[in-house]
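So, here's a batch of structures to check.
Consider the two complexes below, in which subunit A is the common component and subunit B and subunit C are the respective partners.
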Partner chain A sequence: MAELPNLLDEAMGFAPGSAAPFPRGGVVVLVEDCVETSGAFVLHHFLKRALSSGGGGGGAVVFLAFAQPFAHYDRLLRKLGCNLSVQRKNNKLHFFDLLEYPGLRKGNATNRGFLDLYREIQRVVEGCSLQEDNKGCVNIMIDDLSFLEIAAHGSMDDVLDFLHYCISLTSVMDCSLVILNHEDIYATEEDHELLTHLRYFSDFLIKVGPLNTGLAADVHGQLTIVNKEIFKDHARPMQKVRNFHFKVKENGVETFYPGSRH
Partner chain B sequence: MAEAISRYLRDGSLEGEHAPALTIEDSLRSPLGSHAFHHFLTALLSHITNGRSQASGLVLVALNRSPSFYFDLLKRSGFDASLVDKSVRVLDCYSDPLGWKDLISRSETDRKRPIGRASVTGFKNVKNIDKLLSSVLDLGKGFAGQGKSKFAVAVDSVSIMLRHSSLPSVTGLLSNLRSHDQISSIFWLIHSDLHEMRVSTALEYISSMVASIEPVVLSTNNGHGSAGNLLSLEQNLCKAKFHVRLKQRNGRVKLLQEELHIEQNGIKFASVTSVSTAVNQSLLPKVQFNLQLSDKELIDRANVVLPFEHQGNGENIQIYDGRRSLPENQRDDTKAAPGSEKGGQIHYIRDSDDERPDSDEDPDDDLDI
Partner chain C sequence: MAAARGSLPGASRSSSSSSSSSFSRAALPSSPSPHPPPPQQSPSPGVKLGGGGGTAFVSTGIPDLDRILGGGFLLGSVVMVIEDADAPHHLLLLRSFMSQGIMHRQPLLFAGTSKEPRAFLGTLPSPVSSLASSKEERQRRGAAGADSSAQDQEKNLRIAWQYKKYFGEQKIGETQNRDIEQEYSNDFDLRKPLERHFLNAQEIDCVSIQDASSLAILHDHVSSFLSKLPRKDGGFLNAGRIAIQSLCAPQCGYFEKDWDILSFIRSLRAKIRSSNAVAVITFPASVLSHSFSKRWQHMADTLLSVRAIPDEDKDLGKLLTGYQDMLGFLHVHKVAQSHTQVPLILEASTYSLKLQKRRSLVLEQLNQAPVEASSGTSYATSGSCSSSSKGSPLDF
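Then we have the complex of A and B:
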């Protein structure tokens, strides 16, 4: 059953029934959440879209999981109508359980560890782009960046070097990169540098936060999407900033403009 | 004013002077620095391809975007691919800045490296600033055969360079490039909020022009998603203030300001004066009265004869001293007057000079009755 696209898809430039991959190739998406409102549902939504959109069985996903084990994502995505185990068997989903990854385990991540991880990613991405049946593009997803920072012993340069290489794949291999990160852990000026770097190189910035007016039963929070793409192939100028409310349900996420319900 | 910058970059260095250097700085509050960088890049390149500039070619040090992005950008700006290949050399510090890909491909010998364009040179160790300098100069020597020996240099992100190397070595590189006699002009982009204040100041000292991009609307800190914040975000992504500081040879510093607008095909600069006068005109309160008199009104007012002040116009001023009656002949005149004149008339003779013409003082209050 074809699902209706929501405001989140629309803001990312995804049209219903289009054969274009989601997210588009060459795009870097940064999702920022906070303690009050988790942004994991955005990642789940993107994961599902990436595996199902684009025609011809969807694109491939390289998922770097630091936060949760595979079973967690499998259970959640099953409710969204997407079987990750099958996708994994079909080589559509390349799941890196980085809690178990030898190079980064027990906090002994060095530059070498990141190099090895990147080598794996590059191998998978190159393999995916060679496959004939792969009509969509390859998506690299990181859940979440704060754990990567812990693995790097807080070395911002190592994290940024690794991310730079992942980003260079987006332009060379036409894949996309989605990063989940927390905004509120960078409270001081010195810590802010990593977040500022991330914001500079992202094409889409998605902020997930609580409502300004406080808690509500029907609304779980708000999303602000900033589109910073330099080249736009659309005939009409796209709105650069969008803001809407969301409600996370068992089988998906509902999005609506403030005041448009009831 | 943006044209003035382009002109300085085009005209290049004078005999016995350093090359003109432009710093473009922006921040996340107004992240349009890369648009401005692209503008100056395409403007300079069009002068180079037309043969109007001092430089015969451009070396682009690409740290922030891939070479293919720049070729795409130039293609969209209407440059012919063969001309671009002839006059642009890209030093690719983006694809493999630390040599990781090189290491990987060396260990997996079966895979072939993709062959890029001839005008792109890969650079695999951005931490080595000395090698970077010599690579830029080597690439520039490639243009020497075309009659003119000078070339221009563009660095797309000094911020990334500063992440890999210290401030003294980066400023050393830039000032070496600037003082090199083969370089006609140089410009670079820096994100000022990634660094301490002293970093941008240090770079401003070694540049002759500084273009800083500042937000048009300052965001109100009402928490994310508030209407005011969204509006300012949207506004700041479409336009910005473009402040320019031009240092002249005699030490004079010129400050100029323009407004930068993002449009469908590139950016546009608008002079800020027209905008500010429009604002002033609309902001000046519209009042129903005048605070000052015009010249004509002042003359008219001076000509008004106040009541009872008609005695000064050529006739004798008569003051009643209270003891003496009026002369007989005058008394007769007053008797005859009602017959000769139409209507009534009041003749008033002032008591003394002390009395103001319209005094409320009782004239008889000194009578001892």
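Then we have the complex of A and C:
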């Protein structure tokens, strides 16, 4: 299936048809959105890419779903051309339904709950890495971090510890981590700490926001992608910050530079 | 479809207040029975199936809001209404939502901030009988038609009559459509309280959240309420409604336990997803910190806010037409979407709340008077462009 070049993929260093897994191993991607414009579509896009790109039928995904039930993702990804139920059966998708994860909600026992969750993730990631056809590429996706914070009862230390563990997994097991979070929650000074930590960890920062000019039917918002690993393994440095508009569609996302469309 | 109308038997007396014109009465169709048979069909009249398979809506109780939101509140979603700090406009939405549920005999759970939450039920509005409203409509139109025909000359009169005959048919068709719609959503008369027998016959659970030291009681009520409404694919037999008034109000004992409240909403959200119900939560955003207010808003599937109009704002009065009839503004921030990742972009996000004939709530798009300073010159230049070769890109 020939796909149109997508600025989002391009900015992330992904070429359609290449055998490289997407997102690359060892990469931490932070997606930030706000109340006006949901960034969930970026996650859906990555989920589809992760499951289908690369040689040998794509990599494995560990999906921590705090925000929506499985049926929701299943319906949406089906329209994107990706059958999650089948992927789940084939042990490609490891779906953690954490809408009501009880282990994280017990007063002082939050630490324990996170520990159990982490152990589970670690077990799955190690299991995936052993399989031949995955080519060692596992993606961990969190949808979304604000629910993780609620599950941790607002304990930032617990959240950061948990993320540290996950990030250490990315370097040890060469998997990638995609986190969806809401930027506008951390607008005031004292709440800003978690966000600055997260931004520091991340290799890619994707900001999803509305247009300054307000609502539009043709343009749903703008994306800003900050690439922090430009000098890591590219001979030719890539453009550091990219900014473009997007329109979310049923079967994908359309991206274009401002003013390039009528 | 069977005549399962949500109209109230006693409500037709409101029609007596309307001006009576013998002219329009002749055009009345055979009046359907105002007594509603209990809704037993599947799907029940209170539930409307959406375009995509598996989506279902319940009415908000305000027909205009139903239209704006693309059918009503989505089953399985959490609706949040940000309150105005000074005026209780959110109660208009909450009351309409609850009344509509009662009209459809849907189970209702209400959590209020007062000591006696059941007393709040006494303030719910009663529906305007669809018969009366359609009759009024017809009278209005009929009178207008009579005027125009009287003004016409004799030669045109015949044509006007023909036209009126045709128009009358169309009118009847229209009113029939209206009647069908009103099964799903009623117009409510905010001045008239709902009759007692509706409240007694209903499955209504009331909880007071004042003085509650924790949310455990409310949580238990919600759990037991939702456990009776499991979601079955295809079968939308009945839908439940949860209305929570001012969840984070300062008079509640758990106020300042921000994370507790968020955990509660999280668990409510998770439970709602797997049941046939809608939860409407109103909350005063001004008592929350900015960060928590945003967290709340992110949890909402549908996010609305109401704002009162400050008294005698002359500037605004100049800017907006029909300003004197407005009660306030309703903003639509987010609309719940299932089965799609495409956001719903509305024509407008701000609507004016008006009371029609001082009783039923209508929403209208704002009619902005043109601002003079907005570059009259640029229009002129584009006009000159269009005269030369191509059409003007600015098409107003």
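Note that in this section the second predicted complex is superposed on the first by the 249 of 262 C-alpha atoms of A that agree within 3 Å, B and C clash if a C-alpha of one lies under 4 Å from a C-alpha of the other, contacts with A are read in each partner's own complex, and residues count from 1 in each chain.
The working rule: a residue touches a chain if its C-beta (ideal position, glycine included) is under 8 Å from a C-beta of that chain, and two chains touch if they have at least 3 such contacts.
As the structure is a computational prediction, the values presented were derived from the model and not from experiment.
**Q** After lining both complexes up on subunit A, report clash or fit for subunit B versus subunit C.
**A** Overlaying the two structures gives subunit B and subunit C room side by side.
**Q** A:Tyr165 in the overlay: touching subunit B, subunit C, both, or neither? Say first, second, both or neither.
**A** In the superposition, A:Tyr165 touches subunit B alone.
**Q** In the superposed arrangement, which partner chain does A:Arg261 touch: subunit B (first), subunit C (second), both, or neither?
**A** So A:Arg261 meets neither subunit B nor subunit C here.
**Q** Quick one: is A:Ala216 in contact with subunit B, with subunit C, with both, or with neither? Answer first, second, both or neither.
**A** Once the two structures are laid over each other on A, A:Ala216 reaches subunit C alone.
**Q** Taking CA centres, what is the subunit B/subunit A/subunit C angle in steps of 10 degrees?
**A** For this superposed arrangement the angle is about 110 degrees.
**Q** Does the superposition put A:Tyr118 against subunit B (first), subunit C (second), both, or neither?
**A** The first partner, subunit B, only.
**Q** Based on the superposed arrangement, let me know which partner A:Lys89 touches: subunit B (first), subunit C (second), both, or neither?
**A** neither
**Q** Considering the aligned complexes, could you tell me the closest Cα pair distance between subunit B and subunit C in angstrom?
**A** Minimum over all C-alpha pairs of subunit B and subunit C: 18 Å.
**Q** Once the complexes are superposed, what residues of subunit A are shared between the subunit B interface and the subunit C interface?
**A** Dual-contact residues (subunit A): none.
**Q** Flag every residue of subunit A that touches subunit B in the complex, lowest number first.
**A** Touch residues, subunit A against subunit B: 115, 118-119, 122, 157, 160-161, 164-165, 168, 171-172, 193, 196-197, 199-201, 207, 209, 211-212, 222, 224, 226, 228, 230-232, 237, 239-241, 243.
**Q** Would you pull the subunit A residues touching subunit C in the complex into a rising list?
**A** 35-38, 40-41, 44, 68-69, 72, 75-76, 79, 99-100, 105, 146-147, 150-151, 153-154, 182, 184-188, 191, 215-217, 220, 248-250
**Q** For the complex, give me every residue of subunit C touching subunit A.
**A** The touching residues are 258-259, 262-263, 266-267, 269-271, 273-274, 289-291, 294-295, 297-298, 303, 333-334, 338-343, 345-346, 349.
**Q** Taking the complex as given, what residues does subunit B use to touch subunit A?
**A** Residue list for subunit B touching subunit A: 28, 31, 34-35, 38, 64-66, 68-69, 72-73, 76, 94-98, 100-101, 103-104, 159, 163, 191, 193-194, 222-226, 230, 233-234, 237-238, 264.
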